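Residue numbering begins at 1 within each chain, and the chains themselves are lettered A, B, C and D in the order written.
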Amino acid sequence: MTLLKVEALSREFGGILAVDSLHFEIAPGSIHSIIGPNGAGKTTLFNLVTGVYAPSAGRVHFEGRDITGLAPHRLAAMGLSRTFQNLQIFFNMTALENVMVGLHLTLDRRLGAALFRLGGVARKERRARDAAAELMRFVGLEAYLDVDADAMPYGALKGLELARALASKPRLLLLDEPAAGLNPVETEEVAGLIRKIAQSGVTVVLVEHDMRLVMGVSDHVLVLDYGRKLAEGTVDEVRANPDVIAAYLGSGAAGGTHGA
Amino acid sequence: MTRHFIKRTLAILLTAAAALAFGAPGAPASETIRIGTFLSVTGPASFLGDPELKTLRMYIESINKDGGVLGRKLELVHYDVQHLADKAKTAIKRLIEDDKVDVIIGPSTTGTTMATIPLVERAGIPMISLAGAVVIINPVKKWVFKTPHTDRMACAKIFGDMKKRGFTRIGMISGTGGFGKSMRGQCKGLAADFGISVLADETYGPKDSDMTPQLTKIKNTKGLQAVLNPGFGQGPAIVTKNFRQLGMGMSLYQSHGVASKKYIELAGAAAEGVRLPAAALLVADQLADNDPQKVVVVGYKKAFEKRWGSAVSTFGGHAYDGLQLAISAIARAGSTDKEKVRAEIEKTSGYIGTGGIVHMSPDDHLGLSLSAFRMLEIKNGEWTLVD
Amino acid sequence: MSQALKRKLADPRTGGLLGLAAVIAVLPLFLPNNFYYDVAIGAGLSAIVCVGLNLLIGYAGQISLGHAGFVGLGAYSSAVLTVEFGWHPLAAMTAGALGVGILAFLVARPILRLRGHYLAMATLGLGIIISIVVNTEAEYTGGPDGMTVPSLMFFGRELYGEAVWYWIVGAALLFTVWLSLNLIASPVGRALRAVHGSEPAAEIAGVDTAHYKVLVFVISAVIASLAGSLGAHYAGFVSPANVGFFRSIELVTMVVLGGMASTYGAVVGAAILTVLPQLLTGLEDYEHIAFGLILMLTVIFMPRGLVPSFFTIARNRLASAGAPPP
Amino acid sequence: MFAEFLQFLLSGVTVGAAYGLVALGFSIIYNASHVINFAQGEFVMLGGMSTVFLMAAGLPMPVAVVLAVLVTVVLGLLLEKLAIEPARGAGVVPLIIITIGASIFLRGVAQVAMDREFHAMPPFTGDAPIMIAGATILPQSLWVFGGMAVMGMLLWYFFARARFGKAMLATAYNPLAARLIGVNTRLVLLCSFGLSALLGSVAGILLAPITFTSYDVGIMLGLKGFCAAILGGMGHGAGAVVGGLIVGIAEAMGAGYISSEYKDAIAFIIILLVLFFMPNGLFGKRTTERV
């Protein structure tokens, strides 16, 4: 059974196809990477899958259900989450509150209960705090619990996004350049974290420029170029693929460099 | 600590305000007679409040120079309320409760007057409104008086003149401000009594800058002989200009709402031939020497124009009348006891003011008859008496 | 003082509320006469509207330049339904709030899809349309001159006078602040703040951003409507002057001045901007200049508003005085 | 019937041209800084009022007009330097409040420095109405319309051809990139305020002989100009002009054919409908957010 299935997916911007009739499938329970030169359509693909953009054509299926064009919050309820290439942090909150937003769907969201503080809201909030704090410990941010998000260093914010995404208990987690802007030590930590997440049963798909990270963690790699699928397979298969080598050398971005 | 901060801020602001306010009144001397007023000195009705306040200031100064009233000096307490009912309500509470004034003159507009009447009636303090609408004194309110002619009287005066000239089919274009709206209602209610039918009825907003669409519709209504434009401010001047621009042949009547030189200045040549009802003040120099109002209006006009260097309007005259009514009632009452002063104002009889000769009674808190209005026509850029 | 009690008092929901209640209770000692009561009541009514508006502007990050329209609709519902249709004031008030809620709900979706200045324009337009309707339908509303409103009756007793209304408005304000604080400290409130922080991130965390934007718009409109109804019965009079564009601007300014995303900031902002014009009456012609300057200077030099800036300063002082960091 | 329609149209075009000029002012500042300048209407007021007072001081009209424009431009530059620049980086709401504060301030200054009365200004070339197929138009209306056309053309030339104009466009498109290629974005911001003050004052001076002027004429003109700018698509030059004309004509037609009482509501109803169904205005570009 496939977890995510993308069929003939296309999206154009002003006459240019950023994603061009793309087909691929993601099997559950593994780490997948999507790579490709800048402008290959990786982030656009994420945005199409997670409902940020509506596709120009094609379908997306998640666990056998057609999710094409569904709003992101509906996808979140179905078990799909993601992080963003340009950090999307709630800078008007503390770190812990950021993670608690991720717990939104598991909490009591009735207006009446909220306004009048009925139905054990206070108790449930305390429990949510504990759960969020646990997630922050999981990503190694226990030092930042009550720190305002706008006072946190960049690397910690990357982890914070990860914790928030995990809070919605996804079965599929899309990570958009989780190592971008991190130093090698931090990148190594992220790699460990990704493995840990995958071991806990979450299927991870990542877009990444850092080839060391990609080659180190991926079970399966999909290569995009100009919005189309260039190659697909295990790390070794992709590494040996002449088209991939040509594309990377041609674009001047050899493997192992940091992406922007 | 937050409170401390606010208190400090307020203290600073207060000091700054006091320092900036030139001539802000200091602590009141115990013996002064306190006259409260809350006028439309800024905002769209400022052409009312501005001359009114100037008039009050000027006369209170001169009365004080002459020794005051009952041997006591007068003190003016003023708040600008624009045209806003809410500001008026706050101001009247401040005048009554905080400043503890003895009598109130104002406000300038019908809306602000109507908003404050319930409070004045509850507090029991004489108030002489300077606003136009008939609803202020009809039905009679115990503590409320007014000096300007009512809009209903203006309608009657205008319709009388139309009838005399044989006009029976007219169009109306009214401002949507309080004044225009009220007078429009009064005139439409009164038209039938004069055998006049209103065949076109248009309006314009207080900030409108072009009334040609409305006037075009009036122009295309068949058989109209005259057009009446109740409204104040710059609107009537624009109506007048647009009226001429469209080459409309019928007669144009304005209301007493434009009874200031400003209207002629704004409308320019387009104002030629326009008729309107107004108090004798505008034609002070043209009055017959035996006219009882002549001395009063000429005196006021000269004093105002000398002091402020701008032409008089009837609006300042309303304030003059209000002040005179109040101080003569206080003088007759021999005290500032509110009930006594109120009763004396109500007994005013034969007071000759800028607006006419005032005979008040328990049933009539205005005391002006239709004869107090004069029909004027604009000729060569000047007001001239028609009758 | 025990640590737990200290923490409880530092919590805005208990300590802050107690503080506000204390201010409301003690303030009458410093109010020499009805005029001062009147100003305090005016501040209280504005504060209620601002607490609601702050949920929309401060917490959810949306703007409304038309909220005076909702206040006005509430006020006129109370006025027209009681005077022209003989309704009971409480029924009229409820109907007004309901009507405003429905109106806000209907326009919210298309309006809140907009952002920034487009949203500002749409809400501004809505407010102006409401004020024009109120001005024009003179048959019901009395037009520009306004209309009188009967006193509120409560168990056969007429609620009249500043002293009575001071406590009514004070209680209503406390209640509104309590609701607002509760909401903010709940998952719903966090969702609102998430909408402000980042819509894409809120969505992927499962927050239905459109739903919450509509929700907070409706809540703030209903609060405005109720405050309008209260104000109408207190004043015994409604007029279109307070329904217009300027009043809307004034309300937004109160929120920004006091501090966005701070419930108490909204209260402080409303209080200051209600008291300030009374202090400035001595300035006469210079009142506008002073008011304009104060607006600009506060936003330029204290962009976060008075209350949050104050707390930051206070916290920094404490921290530099050697207290352990939080 | 046609004469009536034509009359409405001519009225609408005159007022609409003025709205268009104000809308252009909104657009220029918006482009350079993404600020909505609520004090735009006050520039209109300052242009008209200054001219009237300078003429009253005895200056001949052409000199008074030039000086009035200069005064307004200087005030516009000061506004940017003293109020907008120190608050750079603030959000949409605080900037809106700052410009509203500025507009109240400028109105207050005009009230004290000049006065609170309405003033007439003589028309540039007489006021004998011109007849066109049964409808009439004042020569001054032609001045307003011509003024808008000339200003529109000059702006177009400025932005399409002049080096500095292109720099302004570049800043609008991407301030960071513009700075990197050597555009002085601070200067661009400053100039955008000067330029819109210029446009506003010209509109105020052209319009004053028709509508009179006073310290508070700017409020409604500002709001309607904002409507026009949004209608045309914020930041779109030709859109602003077209938006202004549409709003003006719709108002005149509405007052003529529907209800003069709801005339002022018409502009705002159009705006709401447009925003509901075309959120980016008539000419605005669809924007997609990058995440």
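The rule is short, and it goes like this: a residue touches a chain if its C-beta (ideal position, glycine included) is under 8 Å from a C-beta of that chain, and two chains touch if they have at least 3 such contacts.
All values reported here derive from a predicted model rather than from experimental measurement.
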Outermost chain relative to chain C, judged by CA means, is A
Mind having a look at which chain is the central one, using mean CA positions?
C
Can you work out the whole-Å distance between the CA centroids of chain A and chain C?
40
Taking each chain's centre as the mean of its CA atoms, how far is chain B from chain D in angstrom?
35
Rounded to the nearest whole Å, what is the centre-to-centre distance of chain C and chain D, using the mean of the C-alpha atoms as each centre?
32
Touching two or more other chains - residue numbers and ranges from chain C
136, 200, 285-288, 290
Quick check on chain A: which residues sit in contact with 2+ other chains?
52, 84, 88
What residues in chain D touch two or more of the other chains?
111, 261, 264, 291
Using the touch rule from the top, collect the residues of chain C that touch chain D in their complex.
57, 63, 65, 107, 110-111, 113-114, 116-118, 120-122, 124-126, 128-129, 132-133, 136, 200, 245, 249, 252-253, 256, 260, 285-296, 299-301, 303
Going by the contact rule at the top, pick out the chain D residues touching chain B in the complex.
4, 7-8, 10-11, 14-15, 111, 116-120, 127, 129, 136, 138, 207, 210-212, 214, 216-217, 219-220, 252-253, 255-256, 260-261, 263-264
How about chain A: which of its residues touch chain C in the complex?
50-52, 71-73, 75-77, 81-82, 84, 88-93, 97, 100-105, 107-109, 111, 113-117, 121, 125, 128, 146, 161, 164-165, 167-168
Can you list the chain D residues touching chain C in their complex?
30, 36, 83, 86-87, 90, 92-94, 96-98, 100-109, 111-112, 223, 226-227, 230, 234, 261-262, 264-265, 268-269, 271-272, 275-276, 279, 289, 291
Residue set of chain B touching chain D in the complex reads 42-44, 46-47, 50, 176, 202-205, 207-210, 212-214, 216-217, 220, 233-234, 237-238, 241, 244-247, 262, 265-269
